[in-house]
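Structures given as structure tokens follow.
Across the two complexes that follow, subunit A remains constant while its partner is subunit B and subsequently subunit C.
Here is the complex of A and B:
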């Protein structure tokens, strides 16, 4: 957020168009990239149709929530490496106890798990604030604590969920072209983020992320806001875990590993700067689709699944490298 | 009152004196913990199976087991002294293990070992380029490299025939001479001496501390910070490769999970050894004791029938607790 500090010195009048482009240019760029990829993707299979759209939504849903979780925390000036194993934990707990229950019980359990994962996030955040140990160390330690717990709950992949619950993630509503997962994703965004974004908690989040001292001096509760960011991150992580159960149909104690790095990649690609205070959640959602689509397209092209993972990982590293370079350039400017 | 105060003061002063001695010489405290843990394990083992644990053979076995962990933690120490962390040490070690067992039969042991070391150095170099040149967060960079390496290894392991490990490597990793001295000490001891002396007396060693302490001051003083970081990460890769070679010698065959149980302990050993997670202070002698302590702790947990999940949670908790403790003592609370 050195940018705001630097540009704040200059008069801002009459630059609103330029400012708008600078603020939203990246997000628009990500959506253009997504559009281009989708157009290309639709030409690869012989018969591309609503089925492909549905499977993309299924593959992306957990990552999109994970990216939102990571973005909230990064915007507040932290980083959450434990998000992947928190997702695993929610995934295995839900799959273990949802099997052989009715839809209502499953939904009740899901609500409880959401509360629990938000509490888990708040716990991590409190540890960071109270201990004053860097975010990265605390969340790295929590990564192993949650992963250990997940392994304790379910040693091998197993469990399940009632059919109506699975259809929340894999079905389609109103039309073949509207996957239910996509609706759930937008609902999650609209219910848990939009009301906060321009209200006090959201603004506090951005101010703490961009300049902690300035935020403190202007009367923002820094400790409270940071804990809130991790709690909100935990909530979105819980949604990701529940989505993983709905889309995969089982609980897997190791499934979450994929999301630790990829959530950071989606956040960075989505325009969230790792220095904090910059970006939103709309960009990372599109970025999650881009990251997933790249792998889908590679596999459609006949690339071996493991090679696809290697290529996807390399691309992610390149994305993060470019992100690092961008921060460096901005610091210099 | 003035007569009473000297009577109250001495025990406090003595306590503070003892605390100062321990905090200035963490090696003494760590050695005490190591011995105490050994005695506890002995008692528990006697109670459970009636056999002694405090025997020359067990001491020798502890050193044999500790060597690969201590070598992984060696590179980790250097990286953490610069204020980073390397989460790719385990996959780098696995790569070295696969290369050693996969190429030894066709090209000879020497070539295989050189190839393994070179590959480790190369992976470390890539990490270093990302961290030093592109300023990517070390955790994210090494996590990304680790996932790419693991993908590539999966592909490699599917094509490879099961190959036997050359005898030299096997002896080095699992045998002892003079009844009690493990061969892997012949690898570990010189490297340990080199690191301890190098950190203390060489210009490069001093530079590692300086970069970890204050990279900006270093840059202003004319130090090429990126070169120091590059070499540190490359060395970390090379040491991890040595650890991988010892591990494959010990296990007699390479598999994908050969080194992954050592990832968190490698960080934990460094943290236990008193190296600051923020960089700039610490050293390798503490890490050696940290590795020995963790090895005995692992034996104790195995005797107590603790699951891998519980071990994982415990290591996470240890890292967190110690980071907290060191953060408190260093901030002067």
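Here is the complex of A and C:
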């Protein structure tokens, strides 16, 4: 036996302020970026007011839910390329069957569709877990499946929904400055994410994304958790589809395409690492607003559509690059 | 009274037999060692006993009840809690979240750590916690399950000796409370000091259960290697030792290949030494005294911050590992998978470093490649049964492949950073002999190890590093643990006074 050696193995004393900045710096950064953009945006139109805030909320609501869907899956170590066409499917089914019905009927159908989209997500997740085919391949295949089904339900844009239902996405509550869509968004976040985030299912979600082997050895049901992540992603996807119906007023079998990659962009911009295990949903929600706002502002400025896309892509690269550099700087320090 | 009774347990992956047919009997109130060479099946056995993998055959009984486990969570519930070789803490979660993930109370784990006199910040992310402390948290978490049997797979491999002592205290506590510990280690001294009995595995079978205090190290090694192999090994070591003495004299004659003057990088605060061809120079140090930075700088992974590296008289400022490799400085790291392409074959792994020279554009000459690779494999006695994918090889064979890569592509100075970490006794000896042979052929070798007993076996000279400076120099033969430890703590001057 060797003699006991003083080894200096002690945890590094953490200043809680520094650690807070390290853990939430990105989210704070995204909100600062959003604030700056909003301030600038408010100077562009001649008469900027509650109406503009309203229309931003309307434009963003489906993407915000889609970003949440994608973030949940990415945090668990996967990626869901089928989310866009699942959104289309929910959108067309709801629009087809909500037209000419009452509000109650519409809400009941919405609840059923949420269950259905969660089940669809669980199905995708099960395929991945059972077949052991990489996530990206299975969800790419499911992209075509849901897209085909959506076209089967509605060949061309159509359908509709009762007025009170549309009001959920496009109205305002209490004050003209509080769009109803924003309230719905926060409600969805509070009901479906917050209770999980700090409980064992949420921890399990992060753990399988961070290190699957360590999670398994810690007693986490890895397969179950991954399926759960896709189910939760499906649920948020369903919310996105329902939101799309409420904000656009119709069902469009191709409308979801926009969300497939924009949801990934919003997740990454919002601080979710594509490697898994890192990030949250608060950042991606703000990032969804940023993505939408940039598009809106470029249109306001009269920038050509094609160039607007180039600028949007460059923005994502620049922001993510700055974030990456900041992390590297911190590692060195 | 028997707590755990395993009979004829086996596991195979396709044609590879990980565990052939092994018995194990652990009594209540016993610290039981599970020993064996790399690839003997120890880790597989532990994984079967804790539900990580499912056995193909055999029976396992806990207190007379047959058990079949399907997950680690289930194993913990019935009183089997493991600490595995790889850390089981999720890096992106905080320590507290990691505890809650297993369904334990944070207070219970905190209390366990306090008992071991460890102060852990539970709000820290596991990724930011140093590895030795992570192992202790792992242990505290396993203990908080209050298991009947604690299974510790190589927990001491990554621990400095003061923390290892605390692990031994835990093992003794478990024995006092009438519970049991199954302990896997490559350090036979630990087995003799703390274990009541030891079961030895060889090639996936149990070859005997011994009482370490009675039979001693020799008996265990005999069991591990098999009777004939043990004799052959002993001879080989004798031959090596005489060769080593000759070489010590010859080393003086070799030309200086690597020279450092006042090198500063990271926590390294000005280090100078010269390494000659044909010499094996040891670097002994406690955890975190700058040895990582020294090797990283020499291998071109870190830029130097001051001082000079001279290779064969020419100044070298490596900005990339490629610069170091081109100057003939090549690294054999402790974590073999950092150096290897785990999914590729043995042959590709050995041949890979040859293709990074731009002058070698164009098609690969397969015959030349086969010949060079074959020579390297023969020279190192690599077991190539699982050669399609390097990750399927045992740790010892993987380490041989990392050395073989450089053998096939040419080098002047070998930088070995803890090359035998987690490798069994038999393979370790092969590696010592191999290093000596390389030195005899004119290579210069810089050798760091976390196991002090290796220095007198391997090195011509040993330098001790403390607080980023060299605090002592010992001749290879004189580098016993006591003198090394004194110098490693920077106590040489005081002793001299």
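Note that the second predicted complex is superposed on the first by the 293 of 333 C-alpha atoms of A that agree within 3 Å, B and C clash if a C-alpha of one lies under 4 Å from a C-alpha of the other, contacts with A are read in each partner's own complex, and residues count from 1 in each chain.
Here is the rule we use: contacts are C-beta pairs under 8 Å (C-beta built on N, C-alpha and C of every residue); 3 or more make two chains touch, one makes a residue touch a chain.
Because the structure is a prediction, the values reported are computed rather than measured.
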| item | value |
| --- | --- |
| Touched partner set for A:313, first subunit B, second subunit C, both or neither | first |
| Which superposed partner A:277 touches (first subunit B, second subunit C, both, neither) | second |
| Touching partner for A:151 - first (subunit B), second (subunit C), both, neither | first |
| First, second, both or neither for A:302, with subunit B first and subunit C second | neither |
| Subunit A residues touching subunit B - in the complex, by the definition given at the top | 79, 81, 127, 131-134, 136-138, 140-145, 147-152, 155, 260-261, 264-265, 274, 304, 306-307, 309-310, 313-314, 316-317, 320-321, 323-325, 327-328 |
| Of subunit C, residues touching subunit A in the complex | 52, 71-73, 76, 82, 84, 86-93, 97-98, 100-103, 119-121, 123-125, 128-130, 132-133, 160-163, 165, 189-190, 193, 286-288, 452, 481, 485, 488-489 |
| Touch list for subunit B against partner subunit A, complex | 85, 130, 134-137, 139-141, 143-145, 147-148, 151-152, 154-155, 158, 264, 267, 277-278, 307-317, 319-320, 323-324, 327, 331 |
| Interfacial residue positions of subunit A with respect to subunit C in the complex | 1-14, 16, 19, 23, 200, 203-204, 206-207, 209-211, 213-221, 277-278 |
